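Here it is, the structure, as C-alpha cells.
Order as written gives the chain letters A, B, C and D; numbering starts at 1 within each chain.
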Amino acid sequence: MIIIMSPAAATAELERVIERVRSLGLDVHLSQGEERTIIGVLGNTAGIDRTSFEVMAGVESTVRITKPYKVASRDFKPANSVIDVRGVKIGGPELIIMAGPCSVESRSQILESAQAVKEAGAHILRGGAYKPRSSPYSFQGLGEEGLELLAEARALTGLPIVTEVLSPDEVPLVCQYADILQIGARNMQNYRLLQAVGNVQTPVFLKRGLSSTIQELLMSAEYILANGNYNVMLCERGIRTFETYTRNTFDINAIPVLKQLSHLPVIGDPSHGTGKWDLIAPIARAALAAGADGLMIEVHPNPDLAWSDGAQSLNPARFDALMSELRALASVLGRSL
Amino acid sequence: MIIIMSPAAATAELERVIERVRSLGLDVHLSQGEERTIIGVLGNTAGIDRTSFEVMAGVESTVRITKPYKVASRDFKPANSVIDVRGVKIGGPELIIMAGPCSVESRSQILESAQAVKEAGAHILRGGAYKPRSSPYSFQGLGEEGLELLAEARALTGLPIVTEVLSPDEVPLVCQYADILQIGARNMQNYRLLQAVGNVQTPVFLKRGLSSTIQELLMSAEYILANGNYNVMLCERGIRTFETYTRNTFDINAIPVLKQLSHLPVIGDPSHGTGKWDLIAPIARAALAAGADGLMIEVHPNPDLAWSDGAQSLNPARFDALMSELRALASVLGRSL
Amino acid sequence: MIIIMSPAAATAELERVIERVRSLGLDVHLSQGEERTIIGVLGNTAGIDRTSFEVMAGVESTVRITKPYKVASRDFKPANSVIDVRGVKIGGPELIIMAGPCSVESRSQILESAQAVKEAGAHILRGGAYKPRSSPYSFQGLGEEGLELLAEARALTGLPIVTEVLSPDEVPLVCQYADILQIGARNMQNYRLLQAVGNVQTPVFLKRGLSSTIQELLMSAEYILANGNYNVMLCERGIRTFETYTRNTFDINAIPVLKQLSHLPVIGDPSHGTGKWDLIAPIARAALAAGADGLMIEVHPNPDLAWSDGAQSLNPARFDALMSELRALASVLGRSL
Amino acid sequence: MIIIMSPAAATAELERVIERVRSLGLDVHLSQGEERTIIGVLGNTAGIDRTSFEVMAGVESTVRITKPYKVASRDFKPANSVIDVRGVKIGGPELIIMAGPCSVESRSQILESAQAVKEAGAHILRGGAYKPRSSPYSFQGLGEEGLELLAEARALTGLPIVTEVLSPDEVPLVCQYADILQIGARNMQNYRLLQAVGNVQTPVFLKRGLSSTIQELLMSAEYILANGNYNVMLCERGIRTFETYTRNTFDINAIPVLKQLSHLPVIGDPSHGTGKWDLIAPIARAALAAGADGLMIEVHPNPDLAWSDGAQSLNPARFDALMSELRALASVLGRSL
C-alpha cells in the first residue's frame, strides 16, 4: 500500500500516519518529493482497511499495490489447479460440462434428466434439492429426499453430482450425498457458509454474486481456501446491470480475467447468464471461446413444465445438438470434449 | 397474472396453457380479442414463476398484476407499523436515531461511544460483534465478548442495542443480548437466516442488499413476516452503481417508495450510503426530508483510529452538531426528535 | 500523476517511461524505494491519458492526483458562482425554482402553465420546443413556434425562460429567445454542442448524463467554461441503475459532492429523478435538504393529457402545495425562498 | 398496447381513458373480466408515451406488445441485411474485420497501420480524425488533415475506411472521404446527428451507448432508417456496469439478441469492450462464437506510444496472430474469413 500525503500536510500529520502504520505491525518507506511525501507501507497489508488511512488528516489518497487475495492468486500458484471429482478432472485440458435440471422435482424427472445429459456427453449432473427462492411462497426444493434422488441418479449413470447448500448447519448432510457443493450467487458473501465449506474437503462450486466484482469473487474463494479446502471452482453466471432484455448480463470479460488472476478452474453458466433458452447456445460457445474450463447448463425433460427456471432450460434434443457444436469448437480451441 | 398469447398462437397452444394454469390450482378468465387472446389467471399466484409460462409455445408475454409480497404490503395493513423496543417506538411520529461504532473494539471504546451518542440524543446504540468482512484476514469482530460489552453499555446508558447476526445457528445467542437483530446487506437474501430470525420475536433491522431492488427487499421482509415475526424495519443503505466517487449511491427514492408500498418503518443509513463522513450530514437531512422514520449513523470516539469504517464515522462533536440540525428539521416535517 | 513501476522493472524500462514523460513536455521526480521506483510527474497533466502509461513495460499502475478539470473546480474559485438571469440570482442564498411543462404544446397550455407557476412562486419558466425523443415517430416539439410562445409567456409573466438546444447549428436561434440554454442528459457528452454553447454568453443548464459519473459531469462543464462561457449550472436528474421501480435513481449524494468539488450552482430535478409525480415532493425536499441551490420541476395544467412526461408532472394545485412546504423547509436550511 | 384498469376503477375513469385513446387516432377493444377491464389499443402506437396513460385515474398498468421500432425489426425484413462497402459485404457469410488505430496521428503512422492490417487480412481500415474526448485539453484529432491521410491509406491499400463524425454540420465533409460513418457511443442518442446521417446514403456504423439498452440501440438505428438510409451496422462495444477491473463490460448477450430482433449486421468491438489489449483475443473469439458478423479492433504500430487508447490496441504482430486464430474459428462456425 502507498499513502500519498497532501502537499499541505503538516509534519505532525505525517508523523501520526507513520505511527499508525507501525502500530499495525507494518513498516514504512518514505519518499520525500518537492511537493509531497509518499509513504510506502511494507509488510502484509491484506487485512488493512485503506479507507481508515484516507480519513486521516493530511492524507490525500492511498493506493493498494498488492492484491488482497493470496492463495487464490496465480502469483501464489502459477500452474492451473485441476480438481478431481470421481475421476472427472476440472481445470485440465478437457472441457467439462455440468448439466441437469434447476430443481429435483421427482424420481422420474431426475433419472430421465440424468440419462439424457449422460447420453449427450455431459460429465457431471446438476440438480437443486435446497432452493433459494425470492418468495417464501415458492417451491423450496425437496430437501433430503432430493439428495437421495440425486444419489440414485448417480448410481444409475455414474455421473458425479453438484448440488447447492444454503446454510452452515446443512453442510454435513449435503456432504454425505454431493460430490460438489454449490454456493449460489446470493450466498457468495455469506461468510459463515464459506467458512463451513472451507472446513470440509468436498469440492466447492462458487457462483459469482449478482453484483459482485471479480475481486470480490476471488476474496470469497480466498475465504474457502484460507480455511483449508483447496478444491474451489469459480462460476461466471451473469451480473445485474441496467439491461432488462436478458435476465442477467453474462460478463464474458470475467472469464479471461479470472484465468489471468487465478489458478482456479472457471466455469460459465449460460442459463443464468441469459435467462432465455434460445440464447444458451451462442453464450455457451462464447464462454468456451473466451477460455472457460467448462459450462453449467440447465436441461429439463420438459422445460415448459419445469417447477423453476424452465425458461432458461434446454430440452434433451437441443442439449444434444449443442454438445455436437461444442465438440467441434473445442478442437479449434486446443481443448477436448 | 395476465398471460398474453401471440396473434399466431394455435388453439392447441392456448389449451395447453389453460391446462397448465388449472394444474396449479388456479382458474382462468379468457378475453378473446380480434387479434389475440388474453388469459387472466385467478387465484393466489404469489408463488408462481411467470417465466415458466413465457417459455410455453404460443405465449407472447406475461404481466404480474398483484404484488408478490402480501404481509409486507400496505394493502394488507394500511396503518404504519410501530415497533416498540424497550419503550422506544420506531415507525411512529418520533424520528429515531441509532448511532454507535461500526465494530465493538474494546470496553472503553463502546462505553465511551454509548455515552456520547446518548448525550447527543440518540435512541438506540449500534455496534457490531460479528462482522462480515470481505477479507478472511480482516478483523472479524469480538464475538460474544462484544455482545457482553454491548449489554454493559446498555446497562450504563439505558439505550437498547442493535447488532448484527450472521448465521442461523448464532441467532439464539445473539437474541440473549440484542434488542434488535441486524441482517446485513450481504445477507439480505440469505433465506435460512431470514427464516431463523422469522422464528423469534426479537425485532429485525433488515438492510437492503447492495444490488437488490425495492421489491426484493420487500420479499426478504416477507420471509421474516411469513415465519411469524412482525417486528421488521427496513433500511436503505445505498446501492451499487457505476458511480465510484461515493462508496454507494444512496437511493433516496426508495424511502418514499417503501413508505407507499409497505407499512413497515424505514430507516436511512447515510454512513454506508455515502462512505464519507463529510457527506453524512447532508444525506441524513435528505433521508428525513424524504420521509424516513429514522437514521442509523456510525459514530466513533476516534474515527481515524477505528478498526473498520472510520472513513464513514462521525466523531462525537460532529454527531452532536448534526443532531441539533436534525431537531430543527424535524419540526418542519411534522415529526419530533 | 504518479507512475508506480513494478518491482521487477528493468532500468531500461524505467528510462523509457521517463523519456516518454519528458517527450510530453513534463518533468519527473523519482522516488527510489527498496522494492520499487515511483515516478512523480510534474507539470500540467490534465490532457494526459493515464492508460497510455499503464500499458508500458515495467509499469504497474498510475494514480491521478490532480483533478482533470480546472476552471470548474472549487480549488480554482473557492467562492460560489452566482449566475444572474434577468435579475434572478442562481447559486446565492435564495433557492431558485424552475417549473413548467415538459413540452410547449400550444399557446394556451404554455401561458396557463406560466401563470400557474408564477403565482405559486417559481422564478423561472421551463418548456421544451426542441424535444430529444427516443422514437423518431414521437412528437419532436413545436420548434421555433415553441420558442415564440415561450417568449410570449415571458412577456406575460416576467419569468425568464430555460429551454433545450439540441445541435450546434441551432444555438444562435435558441439564443435569440432563451434566457438559459438547457443541455439535456443525452447530450452531456455531445462535445460539439458543448463547444457551441461555450462560445456564447447565455447561461447554460447542464444536465448530468444518465450514466455519467460526477467527474464526467464536471469535465463536460469544463468544456463550456474552457470555451469562455462561465455561466454554467449543474443539474442532478437521476442516473440509470438496476432499480426499475423508479424511472431513474436520483443520486442525492451527487448534490453535496458537486458543492464540495465545484463552485457552480447545483439544481435538482425530482421529476426526471423519479419519473412519478407522487415522488416529486419528497425528493424535492430531500434535494434542498442535501444542499441544492434550486429545483427544476415539471408542472402541467393537465398532466394526464400532457404530450410527454405527464406521469412525472405536478398539476398547479399540487405544485402550489409543494412550494409552501419548501418555503418552510428553506428557513431551517438557512436559505430563503 | 394493453391498458389494465384497476379493479376499483370507476366507469367514468374507464370512459376517460377510452376517449383519450380515440383522441390519438387509435381504436380500442375492451375485455371485461370479473375483476377488471382490460383495454386493447389498436392502431400504430409506436410514438405513444405509455406513461401518459399510467398516470390517468383508474389505470393500474400498461403493457407494450408491439415493438417501438419498425424498420430495424426482423419482423419487417426477415432476411439479413448485407451492406456493400466498395465490394466488402458486411452481414453476409464472410466475417468482416475492421482494424486500425484509435486516432490518425501522422502520415507514417496511418500508412504503416493500414499496410499492417491489410497484410494480416483485415477488410476495412479504421482511424479517427475527429475525436470525442472527455477532456477539452486532450488531443481532439487531426480533423480534415486526418481525413486526407485516411484517403491516402485507402489509395495505398485498397481498404475502405470507417471514421467518426461528431456533428450534423460536419457530415457533408466527412462523407467526402469516408466509406462508413461512425457514430460513437456518446452520440448514440444525438438525434440531430442521427437525422443527418439518415439523410445521406453513406453506410453508418452505430455504436451502442455506454448505458443504452438493446432496445434504445435499435431505436437509434430506427432514426437513421426512418430518414431513408438503410445501410446501418450495429456495434456492441461494452456497457457501463459496477465492475471496474475492465474499462467496460462487453455485453456478449447483446450479439445473439440483436441478431434475433433485427436484420442489421452486428459487429463486436473487443478493444472498447475490455479496455485491455490482453483481453482482446479471447473476447474477439467470443464475439464471433456468439454470432457477430465481424469485429472492430484497435491496432497501432506502437501501442505504448499511441496518443489515445494505446492500452487497448494490439501491435501488428499480435493482430496477425489473432487473425490466424479467428480463421480457424470461422470454419467451425460455418462462416469464412
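In this text, a residue touches a chain if its C-beta (ideal position, glycine included) is under 8 Å from a C-beta of that chain, and two chains touch if they have at least 3 such contacts.
Because the structure is a prediction, the values reported are computed rather than measured.
Q: Would you mind checking which chain's C-alpha centre is most distant from the centre of chain A?
A: Looking at centroid distances, C is the chain farthest away.
Q: Pick out whichever of the two, B-C or A-C, is joined by more C-beta pairs in contact.
A: By the number of C-beta pairs in contact, the winner is B-C.
Q: Which integer distance in Å separates the CA centroid of chain C from that of chain D?
A: About 26 Å, centre to centre.
Q: Can you work out the whole-Å distance between the CA centroids of chain B and chain C?
A: Averaging C-alpha atoms per chain gives centres 31 Å apart.
Q: Determine the centre-to-centre distance between chain A and chain C, using the mean Cα coordinates as centres, and give it in whole Å.
A: 39
Q: Chain B: which residues touch two or more other chains?
A: Only 211, 240-242, 244 qualify.
Q: Quick check: in the complex, which residue numbers of chain A touch chain C?
A: 2, 4, 29, 31-36, 38, 40, 42, 60-61, 63, 65, 211, 240-242, 244
Q: Could you list, by residue number, the parts of chain C that touch chain D in their complex?
A: Those in contact with chain D are residues 20, 44, 46-47, 49, 51-52, 54-57, 68-69, 132-139, 166-170, 186-187, 189-193, 210-211, 216, 219-220, 222-223, 226-227, 240, 275, 277, 303-312.
Q: Flag every residue of chain C that touches chain B in the complex, lowest number first.
A: Counting only chain C, the residues touching chain B are 211, 213-215, 239, 241-246, 249-257, 260, 273-274, 278-279, 282-283, 285-291, 328-329, 331-333.
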